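Quick one: the structure is below, questions incoming.
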Amino acid sequence: MNVIINYFKDIFQGVWSLIQGMRVTGYYFFHPRQIVTQQYPENRDKLVMFERFKGEVIMPHDENNQHRCTGCGICEINCPNGSIEILTETVINEEGKKEKRIDKHIYHLSMCTFCGLCVKTCPSDALAWGNEFEHAVYDRHKLTKVLNQPGSSLKKEPKSTAKEIKA
Amino acid sequence: MSTETSTLNLFIGENDEYIINMGPQHPSTHGVLRLELALKGELVERVVPHVGYIHRGIEKMSEKLPYPQIIHLTDRMDYLSALMNNEAVCLAAESALQVEVPERVKYVRTILAELQRLASHQLWWCAFGMDLGALTTFFYGLRDREKILDIFEESFGSRLLHSYYLPGGLMHDIHPNFQKRVKEFLKYFRKKLPEYDQLLTGNVIFQNRVKGIGLLSKEDAISYGVTGPSGRGSGFACDVRKHQPYSAYDKVEFTECLHTDGDTWARYKVRVQEMWESMHIIEQLIDNIPEGDYTAKMKAIIKLPAGEYFQRVETARGELAVYIVSDGNKTPYRIHFRTPNFSNMFVMSKIGVGCKIADLVALGGSLDLVIPDIDR
Amino acid sequence: MEREQLKEAIARLAPGLEFPENAQLTEVLAPTAGFRDLCKALRSDAALQFDYLISMTAVDYPDHIVLVYHLHSSALGHTLVLKQKLTDREKAEADTVSDLWLTAEYQEREVFDLFGVHFNGHQDMRRIFLEDHWVGHPLRKDYVDEINIIER
Amino acid sequence: MRFDIYDFTSFTQDIDRLLQENLTPFWATVAELTIVGVVILAFYALVGLFLVYAERKVCAFMQNRLGPNRVGPFGIFQTIADLIKLLMKELIPIKHADKILFNLAPFIVIIASFMAIAAIPFARGLHAIDLNIGVFYVFAVSSMGVIGILLAGWSSNNKYSLIGAMRSGAMVVSYELSVGLSLLSIVIFAGTMQLSGIVESQADGWWIFKGHIPAFIAFLLFITASTAETNRGPFDLAEAESELTAGFHTEYSGIRFAFFFLAEYMNMFIVASIAVTIFLGGWMPLQFGGLEGFNTVMAYIPPLVWFFLKVAFVIYLMMWFKWTFPRLRIDQILTLEWKYLLPLSLINTVLIALVVLLGWHF
Amino acid sequence: MSSEALVLFFIVGTVLVGGAILFSWYAAPRSYNPVKFEPYECGIEVNSSAWIQFNVGYYLFAIIYLIFDVETVFIFPWAVVMKEIGMRAFIEILIFFFVLVLGLIYAWKKGALKWV
């Protein structure tokens, strides 16, 4: 007799447990407000990335088209996969002295692993993280970028200011 | 013994066995793992795992890289416990340099590790449900995991591969909103976790699918080195957090979830229980993060003194051990990662024998494999 | 168990064991001969019970290869670093411990694959990660791959 | 020509008469068949497209997401876009496959579902064939599709497909019984096997209500077993994508695959229609004794609407199962049938016979 | 329509499938790549045929099914006339079911309902 009672008990418990699960899915079916889908291209305007989002490495320029990169090459050393190349040139400045200056700060986005060591270790805070995340291009050569804008120059400022900004 | 006489290396088609390849392109191996199965009808008679499809030589690459740069490679081993992997290298370097990291760093590392564990277990839960055919679990798990990833993204800008730690501390401080958001998440997830139980844990079909499948005895678990939730499901008390506490784990109360059945069901229960435990740990720490520096004073170039260093860390999948041989240079002479999945996976060739194909999928899901961690 | 006690207990098991100083963990350098017996004893000794092989790997030095075994006792909670030195780099051979700790079967295959150490008595000595026709053992220091390894 | 949306008998007869008057008998028959053929084809395609869309939306809403919403408003043209895509896809001939059987399999699954549709009464007078052994016929034809699945799996020269096919074979040798016994219990009530007759017998109330608990149990058994018959929901282990990649249709590409896909949904529709016809009163409106006003309002809703609403409900139920439960294992499927469903069906049949005997039903 | 019209449904089904496949055959692009025509086995080259002896594992079920299915066919006519005949039919079917269930219990106890 016990066998038969247990048999039916099993059936009822099984069906009950199934109903429990169906309650959860049924709840969500009738509560479409809880849908979490983000409709990506449409919500571009509202889509704000977090300020620390690591989209790509950029070199901020101010309104005078000046950046802070001295071309020291520390970011290049600190990059684990060689996605940064720094080309420097030697120019003669106003005082008539030879000066080493950055020519091109080349950044291979296709090789970047977004570890953040270049931004972290840059002594003059020339690099920062950009929020751009739509990196898809049809030609992979387009992923190689020159970070310093054409015609830009080094911003001359006391070192303490740079530190303050960082802090 | 040569390979010809080996019992494991039978050629395909020999002995009229039904040999079938599960993977590398298979939905339930969660990556490019290849299992060569010998079948008798639905029964699996032999499982031969083949790995190495995404072997990248992280150990060899690391020999050429300074320590801060190794960290970003560890992300890519077990990408679901990236922060714990980072932590392992950092702890090894810190203990070698005998640097005392600030309390704040310890607290933050512990909280982040537990958040990462939660995220990892959520992903495991939804993938496990999907392995068993309940596709809805996948979306619920990912929905909740998204909240954790948002916390990560706000604090350090990345969602999966963080590279957030440096030897000596963190790369930068946590976001001011961090505590608020974590507390919000805990409140949210405490409501959602019981839903998981309703949907899957209690389900009679699910229970029948997982109970008594893939029995792994405690002795075998130890001998195979099956650690993490998979090992604890067999009663192997292998929680490094408990037995060799690091970071702030000695300051928190938590139980090591142990089940002695050793089947898929036990492993499932351990993980679900661990989610509750992780939330418990975070709750103890989140309000008490001490003020202070986010990193210890470190030299610009980190050189470990010559010697050998060994650091064990509990990741979401088990015990990760880093073994560093340093010759005093800024790069390691040899670095070895003892990854949890490597040992966890090969046990399949033992416990997978005698179950059905569907069980093998459940079993593989319960071991929670991340293939890049095996291949390194 | 304290470090000294552990050393004493291990020293009883076999002759010719060296205990390097200044190591982070208790370390034993064992002779190649009789290594398997030592492992057996370490595993079965009631006071030691090293039943859990955390990790097994190799380190390649210019003139020798060192096999490193990290052992742990799940019951007693102590850890030991066991080492053996293989002096013949070209034809490196060692005894297998894959029947003592089952995980060693695969860790030894990895060492075979990446270091070229052949383990005697191993039942399935194949490459684990690389393809079977791969030439060379990548984790050796003298391994050359001009295409993929870029020196900086 | 009169058109009464409550009774299609006169409608079909009118068309018949019109054709007979204007054409020779042979051409009249041809024209009639053509009309019926085109109507069926259109209906079939429409139902298939709608069900695919419905399934996507239902599962999306259960899973907290939106589902298709790009092609057309709310994505209603998504399935049409998919159909065009599948039509334009290459048909890949598999090496060493059994060519004849490989090509035959989609025909069988589709034809089986067409044959089953033939017997379903949609409204009074609106059915292709009113067989006097309707229940029996449906019971026989609905299990024919499995032969197609078996052929598909076997002929593909693919190990996954073969295992999938064998699994579906195992399922059909079990669940057929429960389907039969649960249909049979209503035949006991109605005393006829003609499907339209069974519907007519429910004019004063549906069998699921009239037959008390045994009829309700029979309904549950039927839904469970027929879900298994159609290889759906928690019983989809013939295609079990997490185990067998795609099971029996792994090797089918393009439009050939589409037919297996379509057949699955059509089988779902057929099963739901049978469930509605037998248990839920077919095209009959919802009636409660004593509520006159309510009954009149309900009776004003056209029978076709009633029928399709009920079918939609049953299909929703089946989708609900599918998107909630994990998949069963092969031995559990057989255990469920042989140790639970079959004994229950037998007991239930005896109970129903007893209810009928004692006149306890309404 | 009479039951001969079933042929129509047969034809309509055939036309639907055949027409679509023909259309697709002409409309779809084709490219040749020997690897593409290989049977799928997770990206690994297939070394053996799928058609070797295969343990289906439900042979006994199939036999029991055969018995039961034939019995079901017998029950159908009974079901139709059950209402009219009444008590006698009920007792008869009880006996019939008793034998059936006995068979099922026998098979159950013998372990035939166990997946091998």
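All chains are identified by letter, namely A, B, C, D and E, in their written order; residue positions are counted from 1 within each chain.
Rule of thumb we're sticking to: a contact is a pair of C-beta atoms (placed from the backbone, for glycine too) under 8 Å apart; a residue touches a chain by one contact, two chains touch by 3 or more.
This one's a predicted model, so the numbers in the text were calculated from it and none came from an experiment.
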Starting at chain A, fewest touch steps before arriving at chain C: 2
Strictly by the touch rule at the top, which chains does chain A share as contacts with chain D? B
Any idea whether A-B or D-E has more C-beta pairs in contact? D-E
Measuring from CA centroids, which chain ends up nearest the centre of the complete protein set? B
Greatest Cα-centroid separation from chain D: which chain? C
Whole-Å distance, chain A centre to chain E centre, using C-alpha means? 56
Distance-wise, how many Å sit between the C-alpha centres of chain C and chain E, to the nearest whole number? 58
Round to the nearest whole Å and give the separation of the Cα centres of chain B and chain D. 45
Using Cα averages as centroids, what's the distance between chain B and chain C in whole Å? 24
Counting only residues that touch at least 2 other chains, which ones in chain C make the list? 152
For chain E, jot down the residues that touch at least 2 other chains. 41-42, 54, 56-57, 115
Where chain A touches two or more other chains at once, by residue number: 18, 21, 24-25, 36
Chain pairs that touch, all of them, please. A-B, A-D, B-C, B-D, B-E, D-E
Provide the residue numbers of chain D that touch chain E in the complex, in ascending order. 32-33, 36-37, 40-41, 44, 86-97, 103, 106-107, 110-111, 113-115, 117-118, 128-129, 131, 135-136, 154, 156-162, 166, 169-170, 173-174, 176-177, 180-181, 184-185, 187-189, 191-193, 245, 250-251, 254-256, 258-259, 330-331, 334-335, 338-339, 342-343, 346, 349-350, 353-354, 356-357
If you look only at chain B, which of its residues touch chain A in the complex? 65, 68-69, 71-73, 136, 143, 146, 150, 153-158, 161, 163, 166, 171-172, 175, 195, 198-200, 202-205, 207
Residue ranges of chain E touching chain B (in the complex, touch as defined): 41-44, 47-48, 52-57, 115-116
Chain E - residues contacting chain D, complex: 1-3, 5-6, 8-18, 20-21, 23-25, 27-31, 36-42, 49-51, 54, 56-58, 61-62, 64-65, 68-69, 72, 75-76, 79-84, 86-87, 89-90, 93-94, 97, 100-101, 104, 108, 113-115
Which residues of chain A touch chain B in their complex? 13-15, 17-18, 20-21, 23-25, 36, 49-50, 52-54, 78, 80, 113-117, 120, 129
